[in-house]
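The following block contains the structure, expressed as structure tokens.
In this document, chain identifiers A, B, C and D correspond to the written order of the chains, with residue numbering beginning at 1 in each.
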Amino acid sequence: MQSKKILNEGGDAVDEMLDGILAAHPQHLARADGSARAIVARNGPRPGKVGLVIGGGSGHEPTFVGFVGRGLADAAAIGNVFASPPPDPVLACTQAANGGAGVLYMYGNYAGDVMNFDMAAEMAAMDDIEVRTVRTTDDVASAPRGRRETRRGVAGNFFIFKAAGAACDRMLSLDEVERIARKANDRTFTMGVALAPCSLPQTRRPNFDIGGDEMEIGMGIHGEPGIARGPLKPANAIVDEMLDAILAEMAAAQGDRVAVLVNGLGSTPLMELYIMNRRVRQRLDAAGLAVHATWVGNWCTSLEMAGASVTCMHLDEELTTMLDHPCDCAMFRAG
Amino acid sequence: MQSKKILNEGGDAVDEMLDGILAAHPQHLARADGSARAIVARNGPRPGKVGLVIGGGSGHEPTFVGFVGRGLADAAAIGNVFASPPPDPVLACTQAANGGAGVLYMYGNYAGDVMNFDMAAEMAAMDDIEVRTVRTTDDVASAPRGRRETRRGVAGNFFIFKAAGAACDRMLSLDEVERIARKANDRTFTMGVALAPCSLPQTRRPNFDIGGDEMEIGMGIHGEPGIARGPLKPANAIVDEMLDAILAEMAAAQGDRVAVLVNGLGSTPLMELYIMNRRVRQRLDAAGLAVHATWVGNWCTSLEMAGASVTCMHLDEELTTMLDHPCDCAMFRAG
Amino acid sequence: MATDAAAIRAMFGTIATDVEANKDELCRLDGVIGDADHGIAMSLGFAAARDAAAALPDDAEPTAILNAAAKAFLNAVGASCGPLYATALMRAGAAVKGKTTLEDADVVAMVAAMAAGIRDRGKAELGNKTMYDAWAPAAQAATDAAAAGLAQAMQAAEDAARKGAEATKDMVASKGRAERLGERARGHVDPGAASAVVVIEAMRRALA
Amino acid sequence: MATDAAAIRAMFGTIATDVEANKDELCRLDGVIGDADHGIAMSLGFAAARDAAAALPDDAEPTAILNAAAKAFLNAVGASCGPLYATALMRAGAAVKGKTTLEDADVVAMVAAMAAGIRDRGKAELGNKTMYDAWAPAAQAATDAAAAGLAQAMQAAEDAARKGAEATKDMVASKGRAERLGERARGHVDPGAASAVVVIEAMRRALA
């Protein structure tokens, strides 16, 4: 039996989705000239501003396309479902985002994205556009602490892109933007759990198997296996497991401030996410940490996967400023 | 096998969810004194303003609690999952929302809500608070056109509440607010389709059965059966069926303006919703209607039900003003 | 056999236990033509009613117990059955106002008052495919058989409720969530009518 | 047997057909240790390569065909296999630059260039549990058997690829999506290595 989806041809899903997005958000978004998969902010790029180009596979909406807008990303390159975009749309984004002050690429640290964005960066260099790259590596479940640079980028993108986008919007230099982006990434920690798989539009078949009473701890946002399989636990126990890992990594001092993201993977209702947030707050209170801001919702999804992640960003004054800086995107507003 | 959910005790789900919501949104929301299930806007109620009280069962988040905030609802009474709140929290909301200019109750037209809100209205009358009631009846699938007043209220709440909340925020009189709320309801039309059931936190069992290749046309947002079962169709065909019904009811003239909501029921990804929006736009363009604004997302959910609805609000100048009026809620911002 | 306050308290215990035992089946019935929560609401409601009744001082009168149960049911539940049973219980309390122990006729009057409360609150008529289709014939049968003693009156009520609930199968709903189903509601028992049978049977066992 | 432009075009047809036939199985393999899309990406990529090759004028040279195929693959796919196969095909094109028909040794050189392209683009080493673990031994085997004629060389390549892919089962990944799985990746064939076997077998059937 095929998974049920509201689709036309599976192979047309990404382009039809983008048509629907552009129809819904004409004030915010446009396609870059000549590129169906390069989505540019109407009010983002401007002379003298560092351009922020993000991107990755489709299926994580509102990540990435929903974070294009003034104060956040200038453009997003859109790949097939769970597949990095090829270099061409990345280059189109780069050209559209270029205000003469250099361009920063930010994306989750996956082999495919690295290869494609690096190829685009080489092409941009031939156009005399200075490109820097900061890959997000917030998924604490995806490699030991000592190999942080090999970790995956997951829902923490939300905070990390936000901080970098604010830095760009405040007209900081490419050096400064890069520094802030790296710091944002270094101080952002995510841990996730999956309960049920999604299925790709083209296969319409569950992309992994999992027992009816199991959960996968640390599963990636494309269904990549995580740390361990185990029996499904109560919400508080799940959050405790996440927070134990996150707090250990974060090593924050009493009184430090954090920002919290409780993120749904697609089919986990807000009810469950807010129940998780209740426990997150109890744990952070107990650890003596102050919560500066909380977001709860489906911000970085895996199509209709069931599950959730918790992200904490360990704030300092600069990151707090960046997080509070206003942004106005098609699917996300702040400040 | 029980459905998988991230919960502690099923019976505690609603109260724990509200704890998590208040922890996440302290700037926007607070509990009314002495009532765990009466959620009030921090910056909403004020002297001389008509109070807007909304409410209904839980499980539809961000409806209702997420629409509490300045410019929209002053308070929401929260029931158990898919169950109307009892009169007590409605009365607590009424007292909190009362600015001396009367209070408007708005909720979906369901037998349980009618009885409980009517009881609360009787109690409010004893407190000398003037209460009016406007029930939403936007679900075109739930009764023939001639019996519009018996229809269910579903995702169209989003527009109808928004319009009424704006009217309150603009300090219009109770008569005017009521008139605008009724007009908003009269001009809002929704049609939905369900692909897969949700399950309640307490039973953790699918709340209806549906074949692996079937969809239910016109299903209610609590899993109430709709108009017909049929084979799952492609996205465009589903939207066409919805738009045929909506356009026939709406009877708009060429050049008229509409607002569009493509709403997910819980586990239908944004990708599919935007693919639907693409077709919605094609159909509205073909009908010669102008789209003033579009929202796409999970605005009125049924826990993790799979499926979606399309709502069109037939705008006039006044409703356009109300829709464009700013609001700042925990889970929804506009303007 | 006179019914005193303790018997009424015990009655809420019996109803709560029986409703709890039927919770899943009532949810299942509600899932077919409604929203699958009727068993949850009924079990929450009568558990709250039982606890509220138990929390009153020993010398509380039947009316006070019924009123406390009504309020507790309502606040624990909301939904449709909340106002309906809260009204039913308040009317039952009003029907026996001032009495410390109830005669058989008072119990029958209580049942009749409950049915009337449901009718008034829900504005339901016979044949609307609601719990009233079980409560109305039950009240009528109890009243008709009152002279034969409480045991027979309550048995008659239970039998009539059961028949009434069964008859909802053939009805098209015109009240409640199933109202919009039209012909598709036919063939399925109304969950509220089914739970009415459980409640009335429990009352019979507890009181008669 | 000389390989001309038409044969190279036909080769893309064969690869596309074979990959398409294995699409579901490749997605399944990728589902176990990756993200379940490898079959989709490969079939999209080679369908695009085939169409791009077919769209060129009849007198296009092998290098032009391979370059067009590389670009089309890359732009249709992205992902990991996009840059890897695009680089492989561009290197294949470079290896036969200037020729209108390819001798057997040119075809072998093409295979070797593809393996080198994958290695360079992916910075993969033998034993990393990637497609390179199939391509590297295939290239080596073809080169070693080149003197025995193209049929034998390509058969040797296919056999070596198959053995190499099979051997990825016992490896822990240190490149690509499976890199973070550690021991949990063991026991599962790398999907990119499995698709390499399909590609190399199709090339043998088309060219040798």
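Worth pointing out:
The rule is short, and it goes like this: contacts are C-beta pairs under 8 Å (C-beta built on N, C-alpha and C of every residue); 3 or more make two chains touch, one makes a residue touch a chain.
Quick caveat, the model's predicted, so the values are computed rather than measured.
Centroid distances built from C-alpha atoms place C farthest away from subunit D. Rounded to whole angstrom, the centroid-to-centroid distance between subunit B and subunit D, based on C-alpha atoms, equals 53 Å. Centre to centre, using the average C-alpha position, subunit C and subunit D are separated by 73 Å. Distance between chain centres (mean CA atoms), subunit A to subunit D: 32 Å.
Contact of a single residue of subunit B with at least two other chains is seen at positions 81. If the chains shown are joined wherever they touch, the resulting network is a simple chain of contacts running from one end to the other without closing. Contact annotation for chain pairs lists A-B, A-D, B-C, with touch applied as defined. The touching residues of subunit A, when paired with subunit D in their complex, are 11, 57, 79-88, 110-112, 115-116, 119, 142-143, 150-152, 200, 202-203, 205, 207-208, 220, 222-225.
On the subunit B side of its complex with subunit A, the touching residues are 1-2, 4-8, 13-14, 16-21, 23-25, 58-59, 61-62, 66, 81, 193, 195-196, 198, 201, 212-213, 215, 232, 234-236, 238, 260, 262, 266-279, 281, 291, 294-298, 301, 303-304, 306-308, 331, 333.
Note for the complex: subunit C touches subunit B at residues 24, 27, 31-37, 39-41, 44, 74-84, 121-122, 175-181, 184.
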